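Chain nomenclature is as follows: A, B and C, assigned in order of appearance, with residue numbering initiated at 1 for each chain independently.
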């Protein structure tokens, strides 16, 4: 089964969509298999992170913004805004695709793991994630 | 086939498990297919690295510890210990999932490639890796 | 279907191979499925990046070369040349494997996304990428 999942972001940060993804897995009827994801953008990415304490996501966002600052004199790709080139770099350093085994019809995530879309731009964007669920 | 592989770590560093993984592939009977892995933790990760010379792994560990130091005044997520927030950041920068094609019943790794669990915490931990082997 | 794709690089930089990959998908006859890739080297990696404006790739290359410089006094793994240890670190920070869903016989990439081999060494190399295409 191949589907497209749509998420609306509201600026930089991590947006969890574990429940929507599990919903797709449940609808697929696949009991044992693999769920693979690809984010169809180059200025947002995917990550699996702790979903219990929001302070971990907050620090992650601040840390990467310090590592990849805006208006770095190194950038020549500047026409699409100050947040565009940093977004491409952050996307390269994190994940564009993920694969999650399925057992008993459930994503085999650890107890504290959630699946997140990581928005790297300041504005809100409609983000598409291609999802394949197979046996 | 879906399995869980268990590894015992003994503090920060790279732990190779290529042989255990190849053992699962051999037991599955899959001759041509795909082996996909997900580490079920947010303070350890996966990487495929050179398995010949241990100095490369040593430098990798030192380099990432310098990039993501402990007790950075930026961190607010500090309740779980000095090594916890750096562990989450390192996990986000490296891989949580990997997919390796299989041919003739063997993982199609390059000559010098090994599959490693990367422990980012100081203590020893029992780490679970979900493995899917399909055709 | 499992295949090996060969690319000739000519020093550091991003080499797009979206067309070759789509060619394999078309030949496989798979209309709906998953295309998974593994680069079989530890001094080159994979990335999905913007394929419209070459300035984004140029900046990405310059940025990572500044983050992971050569002749860092931290390195002990130096026998294979000044560009070798930085190459391993860059490979760990970017992707070794990728998974791309297929729909209507096409890789489900976003409008501006291309698939690239990222060469981290100065010399030209023949790089092998293992490709699995399944349903």
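Of note:
Everything below uses one rule, namely that a residue touches a chain if its C-beta (ideal position, glycine included) is under 8 Å from a C-beta of that chain, and two chains touch if they have at least 3 such contacts.
These numbers were taken from a predicted model, which means no experiment stands behind them.
In summary, the pair subunit B and subunit C forms a contact in which the copies contribute largely different residue numbers, shared numbers making up under half of all those used.
Rounded to a multiple of 5, the C-alpha superposition of subunit A onto subunit C involves a rotation of 120 degrees.
Chain centres here are Cα means. That of subunit B falls 20 Å from that of subunit C. Residue positions of subunit A touching 2 or more other chains, listed in rising order: 34, 36, 67, 93, 95, 98-99, 134. Put simply, subunit A touches subunit C in their complex at residues 1-2, 4, 34, 36-38, 40-42, 67-68, 72, 74-77, 85, 88-89, 91-93, 95-99, 128, 130-132, 134. On the side of subunit B, the complex with subunit C involves touching residues 32-34, 36, 47-50, 53, 55-56, 58-60, 62-64, 66-67, 93-95, 98-103, 108-110, 112-113, 134-135.
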